[in-house]
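Structure first, commentary second.
Read from first to last, the chains carry the letters A, B, C and D; within each, the first residue is number 1.
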């Protein structure tokens, strides 16, 4: 076991609610693990990547990196990676040094205690045929097994990222690069979006079930690829289509070639992207996230209506749903909870005394709005329950007479193996408590989750498809790939 | 003329909309100038100030500072000031060095080209009777005149801040400190909230018309003072009441004493605090900001209804009003515009080419939401008109078929002399264009402003009071104090 | 009392010997307080100042600052100051913003516990007639008295630097600027070199006894001024002459005018400049420092010869003298002690355990060189004696059989009032111990100091002048100005 | 080809003389490439490494790193690496996180344009049997060949450091770890000092000819290893002996075991370590560097005596030799040249105009000392000749009437393959010019190099050994290992 000390000691890593201090409290929120962004054929590939990654920042606040290849200079690589937000990692000078017309970029979330610069992506390798850069979002379920096998035959690893596995598999093959990449993709099991760049090619791949989102766009004559479509709007590019499950796109001087490396499986896009992770202005599989969330709120109002004086949403992810609930019911939507937008990494944690006195760094209830009111509070999910209890209590302390919690997803009962950082099953409150027990634990007057069907209908999606093309394993335990006790759970990036 | 070079070159100072590059574009938004926060009688005064100032961060992102006085150590001052956000300026170590049970703190906005560490507040002086620290929000209209007079009698100034004026006036008086402070306050004309600290006293004062907000709270046995009440919720303090116009509060070992230094004048709280500056969870004069804004949206729906497919608000300040308009009309509120929450200072500006290609760093329209729709777009004000035109065009480019602009305030025609950074009158579009001309200029299908009466009624406030206790000079040219051509316009802090 | 928290916590501030940890140990070395550098009439005044201050860096490592005036822009001031070395404080971008053809610059030493950015010079003031910048080296003995007087008549102070006093005196005068400056200089007592700049003038002044060094040079048509001549060689300027005691040089568009503000007094240049502070390649009053130190070593060999196997000097200041001793005696000069050139501020202090085990951060004895040898060790002074004892012990632990200490100055018995940071008289070991007692305390086999006459002859200087033009007050208690119990001792800068 | 952008743009990388701007000028000095430091069995291994590496800082100023293994925690690795000086890279907090009783550390020089954080050592790998950390000083001559071979069999490389080669060779072996390491060491050809750490072992190896220095010391019960003995004095450790050519030391829980992996070859320690690289207080093969250099100066006085008024040495490396020359001849040693000790990385380069005017950032002649004097100037080597010409001219401009250059080494004619960064043979002035031609080119009145025999005798060393145990290939083209046209020349670290 080795452990790289991170450069800046993090004073406060709680990305969500203010009262949480211990690890359990801080991480009582699901955590997305990465975003990827690629460019092919634009003279300022690094500049586009900078703004594109900035639009994907919510998918990873810990590290950022860009690697360019310059087709005018034999595909020479230039790269820079660092800890922090996109705007913190790159200076103007550095960006200008990243010359090239092709690039892959990455933003990465931290997993507790594994914050390492050497894990920052894109990972860069030198192999037989030249340079290789890889950026990933997602997780390789069978990585431990492949890694062990590679180590036994003499491979060395320099990062704890499973992304290194794919580079080894490609380098060890005696086939041509594209064939080697295809075989490597066939060997791995999981949910992932891959951008792989060599001195003359850019490869783009999605796992056989399309678990992680990945879209293709155009900007003039150049192609762009992004974990979410919101980045296209930011850079002025046009959305073309989503990269399909099992597809392998190959871009080089001869243009774009679309192949498949896997047979057609059922599409199983991660449900939590719709519920929580993706930006509301992104579209996945043609469905706008804000609109889907608003429909979830409307559906909640239909399934488990509760009369109240006001509806409020937990910012930022549940605002759309709260407005949906309000529109459906006619109960006014109000700003009952507010988030301080300046809070972020490196915040000084309040002393024990100040915390006990009620210092709140991130989220506050708005007394004037909730005092004496019956409140419907919309949230996206309940993981361990600690966060929900705190928010309910914030509202009560601010004078709410009743707090009715409505959740825009079914109960979260099963861990994710495809790139979402979730606690073990035994820590997921819905896996061992009834809804009434949860209600008590979070101190709510009433509690309802969205039904499986209600959720699936709210998102919409391809009418006839199984689960409308979504993976609901965290709700229904029906995983689209084999998983077992020893499967890698934390993400590969 | 002297000019201190700022420590870090700012790459991007546009706080609002992404396409603006030139000075005019960047500053086509009114700019608040400061926030103040004070503590009296709490063992961790610096810690409270840190979280309190964090809650006031939106009032000033350029510099932050805290000065404590330690009553156990003869009132010894400890202070630290720096450029940047509260969380960037202070480290844990520094905060711990700021021992003391009394403190005043400050956050400050930059005015173009005058970004100076030596202007960072609180300003600290040594005078005859010991140490003096001053933190201000607002502007002293007659500062140039007093400054000239002081210079003629041999005073030297080390900052360009007019706050230095008050320290000179106090130091030059031969009276006791409180009397000297009263006389100094009587000598100055303007709109301001003052926190003044000596080794044994804390003075709190609001200008004779209460132009700038300032509230008093309690936390256990200690008193806290803040530009906005949202900071009280953050630190777990209880709101007591607003500091009244013309009041001077004196806190020392003998407790709190409330005096007046000015006769009772009409209250004239800045209208733009309700419309744009204050955080929606703050209350001013007992009126919640979010609720007031929602009523402005409702009133707009009544005064200038326009049917449409969706209502959207320009984030963040116009979301509440947009929801109000939607509730009043039944037209669904949608997320037609979205702001990237990670944008801030020190962002790399896109190249000319990328800008022309449409790179947007801050604000995007959500194509899927607005495409093919008739949109009512709610915004808070129109200053020069350039920003409004850009946002309208963003919506059109994303496919909106009609864009109807509704403004939650009357036309902004006159410059502010009380702490808001406004362009000259001749640059205020409403001062030289008719509404129809503005509509054309911003490329809207229709445009309406809230009426003066409609606005005043939306805010509410004390029924019989003139203008309901607000200063509307920017709309109606009726300034509560004398102003003339040579009056200082930019803020004192 | 107020205390500004310094921006970066200093991990290790010991500028000299490695074993010292407590305050007494760290400061068992005299500390120079400042260096000044001025330019008049060069298009890149800031650039010259940067390299000039870099050459004066040994006179002050804590903060650096440059203020320029641009005669093409009505004498507009541009300035930048920061904590750290010259090369750390200024970036290329900042330097380029400091346009102007006139400038004054400053480097400053820290005094314990008073490390403050607001004390960084040049200090900048705005007064009746425009801008005023002041940079000083030295100390104003009667500053407390003048400061009290100014405060009583209503002045406020923003720094703890006495340099502020001179600005107040000038601003309060009703005379023209030059007359006001002259009268201010007449009012103050002490040892100082002043650079004072307004929008149209540069004033250069030395105290009536010339206690602190200050030289004038030329570079093409421009004038340059520097605390030491080494800076002239660095920037390629030609040395003209030293600024004479009591002189006031006035530079403006009409050229250079030399006046006197004080009657002619005996010259009394600080002896410690020759012994310890100045760079060996500087000349003061026409005397090269390296050569003077070599003569001190030769004189020591004559006055108190001791046979030995090797001679070694305590780096850096005593190397020249050690070579002199070696040349005079024929005993080989050897590198018996070596200093790690990378040690500086912000070094991590070793743990108690490592210190006990003998970790040395700065100075080591060279075992192979000293083992089994009789060593003559040359040092420049003994302040408290703790440092000398440590170095003697370093040599013994490395195997020296005898250690004979020879000091290139007479015993240091009296505190300085003219800009050198010295401990109180009662802490100066030579003031309360005999030479034999000191020898025992520092664990030397023999100890000798240079005689007063021997020292004066070694330096040389103007034959007939009293003390050859030097202040020897620290040795003989004969202060050139009145001093009393309440005199300000620490430096003004 | 890939290129990692370095984090901070370097403003000035000239480590030596001030006038050089272009790459050739900046690099007209040989450059050592690395220093290594290891600890086995001390509870504060990281702390010792910090101070040890600090003592080796002159061997590498670009990056620093420490990896510890904690025997109480199954040998768990903790590591941190960064760009900059030791004191810049590590904070107290980070150092405390590096728990463990075993460690290897590294300081690294930059090679132009290849400044990469990912090359910072120790390199850390995960392989079949656990973790592996490697730190090297030196160069593997046949690395390109081995690398190609490894790539062809599927290996990927993540750094441009040849140190990665050794890790691959070990990981690919099917033998036990020690055997695998031995075989890997047998496979590589070159000059190197290796520290290799696993979770339970520390391996220490020197190449078969002992080209790079490496010494063993003891501190209580623990072992320490260092590129130079000066680090032992710094941490209070006792020197034991040099690691012998071809030795492999194995340290684990069962203690220290000394083996050989190569047959006994002639010892061939790099001559330039004695002449230029090593610190004067270090001993190599029992010979003190200062003393050896002094003897070189004495020998020069014997071989090529020139009468003069003063002798001066080019700081820092030639001071000892200049004193030797002075002692031998009776000509006084004087400080004719002085180096500014504050110059370092990140210095702002003077503008073209200032350079032409003679701004000197690093080295100055001391006019008062050299004016009107005949000067013997001692330097250590002449590479391209540009630097020597500049220094001669500095002395002439300062008024020297004659400048006689004496070099403490034979003419440098052949590139190094063992870890010293040298230009190509065709750029080495001594390879294509006669001594008289060089004299003219450097503008000296006379020029002499030390003879091969004179040099060898000055160093001393084992009487009967070939070349007294030194590699003189750079002078006599007699390389101790095979080298060919394609051999890797730049260092492996």
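Following the convention adopted for this analysis, a contact is a pair of C-beta atoms (placed from the backbone, for glycine too) under 8 Å apart; a residue touches a chain by one contact, two chains touch by 3 or more.
Keep in mind the model is a prediction, meaning the values are calculated, not measured.
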Contacting subunit B as well as subunit D are chains A, C
Shared numbers divided by all numbers used: is that above or below half for subunit A and subunit B, i.e. same or different? same
With chain centres defined as mean CA positions, report which chain is farthest from subunit C. A
Report, in whole Å, the distance between the mean C-alpha point of subunit A and the mean C-alpha point of subunit D. 47
Where subunit A and subunit C are represented by their mean Cα positions, the distance between them in whole Å: 59
The distance between the C-alpha centres of subunit A and subunit B, rounded to whole Å, is 36
Numbers and ranges of subunit A residues touching at least 2 other chains: 91
Touching pairs of chains, which are they? A-B, A-D, B-C, C-D
Quick check on the complex: what are the subunit D residues that touch subunit A? 1-5, 7, 9, 67, 74, 76-82, 93-94, 97-98, 117-118, 123-128, 131-133, 151-152, 154-158, 160, 167-168, 171-173
Touching residues (chain side subunit D, partner subunit C) in the complex: 11, 44, 47-48, 50-51, 54-55, 57-58, 85-88, 90-92, 95, 219-220, 230, 233-236, 279-281, 283, 288, 290-291, 294, 316, 320, 323, 326-327, 332-335, 338, 340-344, 346-348, 350-351, 353-354, 357-361, 364-369, 398
